[in-house]
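One chain, chain A, appears in both complexes that follow, with chain B as partner in the first and chain C in the second.
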Partner chain A sequence: MSTAGIETLQYEFPGRHPASAFAPVLVGVVSSGNLEVLVEPAPGSDRCTFRIETSARGFGAIWEAVVRDFHARHGLSGATVSIHDMGATPAVVSLRLDQAARGVTGARP
Partner chain B sequence: MNHTSFAECSARERIDALLDPASFEEWLPPADRVMSPHLALLGVPAAFDDGVAVGRGRLDGREVFIAAQEGAFMGGGVGEVHGAKLTGWLRRALRDRPAVVLLLAESGGVRLHEANAGLIGVSEVMRAVLDVRAAGIPVVVLIGGANGCFGGMGIVARCADRVVMSDVARLSMSGPEVIEASNGVEEFDSRDRALVWRTTGGKHRFLTGDCDALVEDDVAAFRAAAVAALAGAARPVTLASLEAEHALLAGRLADAPPDADAFTLWRGLGVADPHRVPDLDVAAVRALVEDRA
Partner chain C sequence: MNTPRDWNTRATNRRERLARVARELGPALAGKQVDSAKVVALLDAVLEPGDRVALEGNNQKQADFLARALTKVDTARVRDLHMVQSVLSLPEHLDVFELGIASRLDFSFSGPQAARLARLVEGGHLRIGAIHTYLELFGRYFVDLTPKVALVAAQAADRHGNLYTGPNTEDTPAIVEATAFSSGLVIAQVNEVVDTLPRVDIPADWVDFVVPAPTPHLIEPLFTRDPAQISEIQVLMAMMAIKGIYAEYGVQRLNHGIGFDTAAIELLLPTYGESLGLKGRICSHWALNPHPALIPAIEAGWVQSIHSFGSELGMERYIQARSDLFFTGADGSLRSNRAFSQAAGHYACDLFIGSTLQMDLAGNSSTATIGRIAGFGGAPNMGADARGRRHASDAWLRAGREARRGLGGARGTPRGQKLVVQMVETFREHMQPAFVERLDAWQLAEQAGMALPPIMIYGEDVTHVLTEEGIANLLLCRTDEEREQAIRGVAGYTPLGLARDRRAVENLRDRGVIRRPEDLGIDVRDATRNLLAARSMRDLVRASGGLYEPPSRFRNW
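Then we have the complex of A and B:
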């Protein structure tokens, strides 16, 4: 099915830190310049996968840099990260990803 | 005491602040991905929860149903899935019979992207609210978000047993921009914030009796109002209550001069110095109504 306007991007990296069991974490809201991030456990996987749906087309290279940077810092393993984006800036994306990672590891924001 | 603005909280933060700690159990949570089938076709990103969280939890130890609309996602607009989640949640209340049903409303009304599906969704929510009331389970709508409660959700709010609002909240049918677009800026200047608030705001709704409790923009104040609602009985809709409401509204319309402003209306309601009302704090506005009673 054609989804005019929405661009879907996917990235996958080998993880370093296996996440202990966690409930799905949702942070952020889909609104102008903002995004929502849903992190879910992927039992049995040793990877961290990212699936991004964004209304701002043509920024794949920047998305890859942002999620690579996030993964370099957190290195989650056995997790999937799903994103709905409405034109958030890279800084906002990084903050939301960090907020979600804190929810996974149980640390207080 | 820490003060946390209800208006600045997200829908999920409001639920957590209102309920007893960690007692919220969500149905159709974000990970279930029950999302709008329409938005992607228009190039608009969907939300994992379609902008509304529904479920149950405990309030002061009692089991309650609670739902919250997320005003930051499409202005809290009711799409097909959003409306269906609310309707299913209300129908489940008929089976489970919670102590009270709490709807934290923040919505511009129907999500226009979804047109008729959203309109039908809102009408189903109205029907379900009335069914829950008829079963003797109180439905309380709490309004305190920056987007207010307008359009079809404004009607839903007035279908409930009780309405709780903060002074920064707004409740109406057509929003300010809609009135200006259809009737002209001479009729209603949507950029005149003082006019907008004295026509749709919490103080006005409280003075006219359209809302039952006026609270500060504070999560603790909203929780206290929700706890107080636990003690209130349901108010089943009866022919007598409908006729009394119609008589009240007809009288209000008949008494209002053609160029009536909120100030004129408040004076007619017994407020001696209506021009002071916008500057009064919540406690002082409550005192006006208590003095009148």
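Then we have the complex of A and C:
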């Protein structure tokens, strides 16, 4: 797939739960209807940043709502979340994000 | 005017037709058996213009040889037939309209031919009387759509004309009964003629002609779902169904609609259901085709009985070896019966759960899409409260109490209610939202000139909407506004879900009308495919002890 079809979205929220040092967490795979979520520590930051690359263009409003709800659930601080999406539904995106958060030390259950 | 009325014209007409067949077929007719090569001549001799003809098109079994023969009749003799049949599945089922052999149609389901049927209707090739549920159509066979001629399929016949249907009896008894006892004529295609049948499913004196078919009748494995294709979201929704509905109401008697959503539930019973201590408390009695996905639950001792609408290819040996659970004949093989199983599903089950394509904010759901006239099949009878039901069960009483709490007068009179669950992911493929302001069914009704939009399950009958976001219990909603917000509250990130009144939804959640996975004690991160009791077709075969023999298209190992 050419990158011409890829849409890049970025969101940032103030964190609530500072994560202690954690190793990067990777869940999911980049395949049709699925996505890969990578959560990495962002030392010194008190925010949670989302960077999304998706093959399905035009769903910015839904992405924003999905990551906003995720952030309301977990409130990660000092973390960067990178998403590579190939047309996953919001249900799958939310599930992957929650699975990734489970691996982050200090995140709420 | 003094001529006394002849009260027996139908019997006379029947004798005339039988004599005509004997005359025209000559030595090609031996007793009731007709030479295969003379099948078209048989139909030419039997049929008259305008006849109402029941061509056996079932959900699974097809009278395909007779369907092909019907497309070859002499249109100078046979025309304007009125076809009455359950399922339009084969191209020949529509060819007869294009060829001018038939002109009217009353049916139930046309899944595989739905797009072509819509084109033929638009082109004026046929008039549809009505689209029915199976039970309605069977009912009308005995009222105002009685067939003059029935063309049915059986596994075998003996020399007398007794029929053995094998496990896929399906619609045959209903069709033959209506035809044979109204001076109609019954023609059966059979795979073989034998001296002694394993059992008699249709007695010989209800059958007029038997034609050996050159190839066995077609049959489709419609209810086989490969566990490898079940998603984590389907696992999550299945967990919610089991814990939030089945366990909550103590559902012991039920019917599952077709699909991966319900296959996931079946495969979670021996794992997740077991971990909740639910064995023996839910899912003991079923109106269900022999779903391969139910094998692990059966093997784990969950199931006490299963009555089936039809059979499922590959399940024959497994069914024979588990005859305590299935309805089987003295020959050991399954006896299915669509009419009885539909009645069982409607009146003797406490819950129906099925998937849908679209739902509106009143809870009406439909699988109709533009340009396709697909019909209903059995879902509306399974997925409707049985208003005539009078026997009680705990699940039925509790649903009735929830729906009537606080009401007076006629609407508050104590009675039970069937649980009707619509299980749907908020987005379908290609990000098509499942929740919509207006069902496509309305536009289809306008295009095809239907009296009503083809709604599969009416919102009035739906008791629970289950999505990945949670369960909306519509029984507890007291106003249309509450119902709308309850549905929006589980509609996820669809436009209708995003436009929810957040405060109203939180209020419904406080009242238990909406329940999220966490409200049910379910951690969404536990929803993995590892919970499935079988994760592949091979696992199902293994679980069956090698008795289940999947058709080749499902043998992917």
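Following the convention adopted for this analysis, the second predicted complex is superposed on the first by the 102 of 109 C-alpha atoms of A that agree within 3 Å, B and C clash if a C-alpha of one lies under 4 Å from a C-alpha of the other, contacts with A are read in each partner's own complex, and residues count from 1 in each chain.
Heads up, the rule we're going with is that contacts are C-beta pairs under 8 Å (C-beta built on N, C-alpha and C of every residue); 3 or more make two chains touch, one makes a residue touch a chain.
Just so you know, these numbers come straight off a predicted model, no measurement behind them.
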Overlay on chain A: chain C relative to chain B, clash or fit: fit
Which superposed partner A:D85 touches (first chain B, second chain C, both, neither): first
Touched partner set for A:E12, first chain B, second chain C, both or neither: neither
After the two structures are overlaid on chain A, angle v-u-w for chain B, chain A, chain C in degrees (C-alpha centres, nearest 10): 70
Partner chain(s) touched by A:V66 [first = chain B, second = chain C, both, neither]: second
Contacts of A:L26 with chain B and chain C, given as first, second, both or neither: first
Which of chain B and chain C A:S55 touches, first, second, both or neither: first
Shortest span in Å between Cα atoms of chain B and of chain C, once chain A is used as the common reference: 5
Overlap of chain C and chain B interfaces on chain A (superposed complexes): none
Touch list for chain C against partner chain A, complex: 231-233, 236, 425-427, 430-431, 468-469, 492-493, 498, 523-525, 527
Residues on chain B engaged by chain A in the complex (per definition of touch): 10, 12, 29-31, 40-49, 70, 72-74
Complex interface listing, chain A residues touching chain B: 3-6, 24, 26, 29-31, 34, 36, 38, 40, 53-55, 82, 84-86
For the chain A and chain C complex, residues of the former touching the latter: 56, 59, 61-62, 65-66, 87, 89-92, 94-95, 98-99, 102, 109
